[in-house]
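The structure follows.
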Amino acid sequence: MEPILEVKDLTMDFGGLRALDHLDLEIDRGEIAALIGPNGAGKTTFFNCITGIYIPTRGDVVISPPGKKRERINGLKPNHVTERGMARTFQNIRLFPSMTVLENVMIGRHCRTRSGIAGAVFRGPGTREEEQAVVDKSYEILEKMGLSRFVNELARNLPYGAQRRLEIARAMATEPFLILLDEPAAGMNPQETYELDQLILRIRDEEGISLLLIEHDMQLVMSLSDRIFVMDYGKKIAQGTPEEIKNNPVVIKAYLGEEIDA
Amino acid sequence: MLKLSNVESYYGNIRALKGIDIEISEGEIITLIGANGAGKTTTLMSICGVVPPRHGEILFMGRPIHEMSPDRIVALGISQVPEGRRIFPFLTVTENLDMGAFLRKDKDGIKKDIEYIYELFPILAERRNQAGGTLSGGEQQMLAISRALMARPKLLLMDEPSLGLAPLVIRRIFGIIEKINTENRTTIFLVEQNANLALKVAHRGYVMENGRVILSDAAQNLLSNEQVKKAYLGV
Amino acid sequence: MKIQDIKESFFIAAWFILLTFPIMVIQVNPIENIIEWRWWNLILVGAGSFMLSFVWRYLMNRKAGQKRKESEDAEDIPLTQRLLRNPRFFVPALIVLGVFVFAFPFLFSAYQINIMTTALIYVVLGLGLNIVVGLAGLLDLGYVAFYAVGAYSYALLNHHFGLGFWTVLPVGAFMGAMFGVLLGFPVLRLRGDYLAIVTLGFGEIIRLILENWNAFSFGPSGIANIPRPGFFGVDFSLEASSRYLYFLMIAMALFTIFVVNRLQNSRIGRAWIALREDEIACQAMGIDKTKTKLTAFALGATWAGMVGVMFAAKTTFINPASFTFLESAIILSIVVLGGMGSIVGVIIGALVLILLPEYLRAFSEYRMLLFGAIMVIMMVFRPQGIISGVRRTYQFKGKGDKAVKTRETVKQPAPTTDHS
Amino acid sequence: AAQEGPIKVGVAGAHSGDLASYGIPTVRAATLVVEERNEQFGGIDGKKIELLVEDDVCKPEIATNTATKLVSDGAHVVIGHICSGATKAALGIYNDQKLVTMSPSATNPALTQSGDYPNFYRTIASDDAQARLQVDYALKEMGLKKLAVIHDKGDYGKGLAEFAKKFIEDEENAEVVLYEGVTPGAVDYSAVVQKVKRSDADGVIFGGYHPEASKIVMQMRKKKMDIPFISDDGVKDDTFIKVAGEYAEGVYATGPRDTSKNPIAKKAVEQHKAKYGEDPGAFFLNAYAAAMALLNAIDVAGSTDYDGITKALQSEFVATPLGIIRFDERGDAIGIGFSMYQVQNGKYVELEE
Amino acid sequence: MDWEYFFELLLGGLTRGSIYALIALGYTMVYGIIELINFAHGEIYMIGAFTALIAANVLTMLGMNELAVLVLASVVAILYSAAYGFTVEKIAYKPLRQAPRLSPLISAIGMSIFLQNYVLLAQTSDFLPFPSLIPELEFMEPIAHIISSAEVIIILTTAVVMILLTLLIKYTRIGKAMRATAQDRSMAMLVGVNVNRVISTTFVIGSALAAVGGVLIASHIGMINFYIGFIAGIKAFTAAVLGGIGSIPGAVLGGMVLGWTESFATGYVSSDYEDVFAFALLVIILIFRPAGILGRSTTQKV
């Protein structure tokens, strides 16, 4: 197994509060991994730290994009992290509400295209081609995500579940090797959650993108994940396959509770 | 206790509610389920007057409230756990709870209730002086629920209270829902995606689709209704 | 219902009588120690506010009613937009407009040409600021500084080195951009209204330096005898040179519209809009926040610099008094009043706001009073601006097909003050 | 050229905005003069005189619009503009159209001295003339050696101060110990006053208008600084005395000579009070004089012909509130003497030389 | 170092800063609650001063004694400013609650132009002498050449007002309602806050403060005209932002910093560039503290 993301000793302090506590974690290529833990355990903070939104107090984040060099990315700005191939969604949906659905995805193509001001003004053949490619590629992604009927809708007018999927579509447009999903199933009903499940599998299988998701919906986590990491109070308290985690007494005590509704 | 008849509400010129009839009696737990964008949130916001209905009538304990301003409606004893939590970001946890009790005058009672909340959610007690905006998603959700409880409402409207909560906490929340319903006789109007859970605690349920109520029945019946099963319970 | 209205209007009239009593009725002359009581005004205010309250109520009801009327399925596109999209209307309209624009200076007096030229200057300024405020969402209250930079570039380069209009035009644009970057670097990490005050401060700094640094800028007495743009050495009469300037400005405005339109629908333009909507999400999508903002700022400033050169050439005299904060406020008003992010809107906004005070000259001293009132009323009854922005939409035939047609239809609600 | 219809006199200046108080008195003066003329003589040669009043807010770019408007509306002569900057911007347009323009208040020396504006006249002394008088008075009459020169950063005030500074520096035994601009409208000038105190100046020369002057004088006197304060025409205004009250005592200001005894001036002020119920404001008499001079020139020339008016202005003396005046080729008024005034017992008193 | 000179500049800056602060308080309150840069605030201040001038003249004519004139004129000014503030909010801002972010800003600019010209037309364009309503206190006589009674009163008033406002916002019911409304308007409704009333109250308090400022400052300076509000407004806005907009102590601190900067810049460099220094300082402070000196940090949790 070749790890594509290695996190070592990651620590994040907010004033006196230690939100991440010497956290170690690895994601392998082609894996769907899940990060679970009680509320306030530091899961979202973990995402923020590895994507450059927060600068961690200490620790290392190293990526090894397939076919590219290993690279340490702590301290990089979020846009550089994305350029290097790690894309994410947000726990509270952050779309561009008054842009259309297609444009939201087109924004995702920004870091994979180059045309500048001169190109925009003169609109030479190069720019036109690039623009056409952006549109086509974005539409293609929307079709894959089952959002093509909304192309020209404003993002804010979409139903909640569709907005969640759009966020994923937008992340996919950046051509990542790893997508980080923060509670993708929140606010979805079981039917939609099931569809999401299928979608995530397809993303992995068809696009070869690895995924790390934070989720409280255990049914989804257990059915999807190859590997699960469990956090509590900023520390990693367990890691393993769904079976192992389900039966891990520490996890049951801290997070799952006595019985699982799965 | 609460009666909506033929309620229509709009966002600008989008008709989000297309004539809704709902009735809730005192002491009931009612749940409203439906797909995304069905208009559940809009229904709650219309009751509270934030999205005032353009047509139809809403009676609360016999009084028409559809033309009242939100603060007056709230003063009648309705409080809400809104969608998206809506924590006051720069107020501390304690201040947020305090705001929940804005219309209450009994200082001691408020104090006691805050302590009670801290017992229910120890994590909030740990964070009591932290600004609401920096809480984690789940912590905010707990705070939003607690804030609504602080009002000691007669009717509690809850919009997806389980959103973003850990399984353990969800169970605790549903425990609390049943508890305040039986102990304080608080009427509860619950909107949930987790229809399984919701229908288990509820007495009756309504199913919404596309701005209309398409089905209403006792919770048990809905649980076993094929149509509902297929669409909302995920087999 | 009617009685209710009258009652309410009576109450409003009484309130305004009370409110305006000291200022409208009593005129003190502390120098002579006389007090004059102008009771007549009381009646004027009372009657005036009584009448106006009916108009206000009518308009308010209409505003509310308008929303209601449109049924649930009606396409949410304003009439203007529908007309603009319909080629059967659009093409002839464009031709008529073109003919009118061309014939204008031959039909009207020098004065009319002159104010139209001024209005065109503001069209370009508005479009430039629209990049910064309307597209990138950066509230710039000191835009006039870049305008000053352009104007002084021409005046000074001409004064000291005898450089001509055409030479300085690109220089002015470049200087504008330079200053845009200069200001942009330190301040672009500021948010919303903090950025507003800093840009306001920057605008004032530029003006104050021009005012105080006599050795450099000739101070408050300004620079006179700036030559009008040349045309292969031809000497023009006043009339002819007004026309020439007018056509120059038309050309410049068309050029601006062309460029801004292309920018708006480009990769950069999308990034600006996205940045306005959500900075964090934008960064997470791989957009370099600083660089993108800086381009917006610099590009906006470029137009101001360029048109500043034009301004100096048109007035032939400049001094710092032309570059006050109020000027920035007016340009901003053009953008917002016209409709943020909409090119047509900004053009109409500029024409309205700049021509209005000129045509209000008939009201002599009530001119600015009315101007202020109209600004308020336009915002109250048309908060989204005269023309609201639209988003480009794409048509797709089916799976795997290329995008076939692009047009603009989806109405873009400007960002609201939402606290969520 | 002989023409039909009324004679049109343009009046341009700031009638709204922050500088309105300097422009409105001119409109009133022109109105009074023209009304009187129309009533008493039925206009000029049987033609009624009409006013075209246009606002320029003292902004150059608006002034060009104002000027083209006046030109388009067929003005024959123009009274205005008020601010030197706006005047300069507008003059090019009037010059192209051969329109005589006369400002009651634009004092920038270049307007007459540069030779760029042959159509321009004014009924106010230029900055350098006033500055000359201020400096001469301070150095020769009062024997001051160390002067603080303060201005309000404006066109008028700063222009004047620049000249004063130059004139002082040209003298052997005097020096400028402080040269400083204050921000008009600021709430407080104590820092500048402290600075004057520290500079050890034995006199202050001020260029600017009365609101700033009164604030500075009051703060100086409150801080027990009794050095002479010599200011300009912009301060020679009764409002100054009223505002500064007891602190105004002893303040010097230059102004047009002996208007208080001039019967025309008295009449003009009376007319103003009768019609507008208050004392006239800034540059009222200058504007009154300008209106009279222009009407007289048209009368003498027998037409509104540019050359005729020019000739009449430069050759014919006319009695105005400012004295009996005519204009030199450059456009400055001859016969408007300037005197030094001092506030004594709450009144400006002309100091005999 | 010339300590006396330094000290005098310090005091001068303090007075000037207090003046800015007094107006900035109203600014910051209004901004805090509806995130609107209320450009008409300066005009409310101007109207307060005008009303006080008119009232004082009428009352003096009626033969009242000085103290009565001071008190009554101030009360009239406060009432009227509050009423103007209230009315302006109702006409120009309330209909724009749901509007795009910048629309109320333009409405405010229009309102400011309107009010200026209203006073210009109804009263006069000239400067009017403003009676020195604040009496020269006997016991202040020995130090009167350093600091006048009026200045002391301005400084004290600012301090008192700041403390009262801080207490109001921190501890009273209406204060809590204000904070909630500021942070999330519709959620505030949902906990029972009457948002319209809270916003109106904020405008009324802010405008009343502007009137207090108007009376004190006008009698300190000794004259007013219709345009004084504009410059005061810009300076107050700067002060409010400098201190951290929305923060009451911040507005006062911002005012002070601004006052001192201008005073020292004039004293040690040149008053030619006092405003340049003031704005340059603003830029520098905001670069290092992007939310102002006392402003809360704007970093957002995502």
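Observations, loosely collected:
As written, the chains take the letters A, B, C, D and E, and residue 1 is the first residue of each chain.
Here is the rule we use: a residue touches a chain if its C-beta (ideal position, glycine included) is under 8 Å from a C-beta of that chain, and two chains touch if they have at least 3 such contacts.
Keep in mind that what you see is a predicted model, and the values were worked out from it rather than measured.
Least step count on the touch graph, subunit C to subunit D: 1. Farthest chain from subunit B (centres taken as the mean of C-alpha atoms): D. Distance between Cα centroids is largest for the pairing of subunit A with D.
Put simply, the chain nearest the middle, going by average C-alpha positions, is C.
Distance between subunit A and subunit E, defined via averaged C-alpha coordinates, is recorded as 48 Å. Separating the centre of subunit B from that of subunit E, both taken as means of CA atoms, is a distance of 43 Å. Chain centres here are Cα means. That of subunit A falls 30 Å from that of subunit B.
Taking the mean of the C-alpha atoms as each chain's centre, subunit D and subunit E sit 35 Å apart. Residue positions of subunit D touching 2 or more other chains: 16, 153, 181, 239, 242, 278.
Those residues of subunit B in touch with two or more other chains are numbered 14, 84, 86, 134-135.
Touching of two or more other chains is recorded for residues 117, 124, 128-129, 183-184, 186-187, 272, 275, 300, 302 of subunit E. Within the complex, the subunit E residues that touch subunit C are 31, 34-35, 37, 39, 47, 50-51, 53-55, 57-58, 61, 76, 80, 83-84, 87, 91-92, 95-107, 109-119, 121-124, 128-131, 183-187, 234, 237-238, 241, 245, 272-273, 275-276, 278-280, 282-283, 286-287, 290-292, 298, 300, 302. Contact residues of subunit B toward subunit A in the complex are 14, 33, 35-37, 84, 123, 127, 130, 134-139, 141-142, 160, 163-171, 193-196, 230-235. If you check the complex, the residues on subunit E that touch subunit B are 173, 176-177, 179-180, 183-184, 186-196, 296, 300-301. For subunit B in complex with subunit E, the touching residues are 48-50, 69-72, 74-75, 79-80, 82, 86, 88-91, 95, 98-100, 102-103, 133-135, 147, 151. Here subunit A touches subunit C in the complex through residues 51-53, 77-79, 82-83, 87-88, 90, 94-100, 102-103, 106-108, 110-113, 115-117, 119-121, 123, 127, 130-132, 134-136, 139-140, 143, 148, 151-154, 156, 170, 174, going by the rule given at the top.
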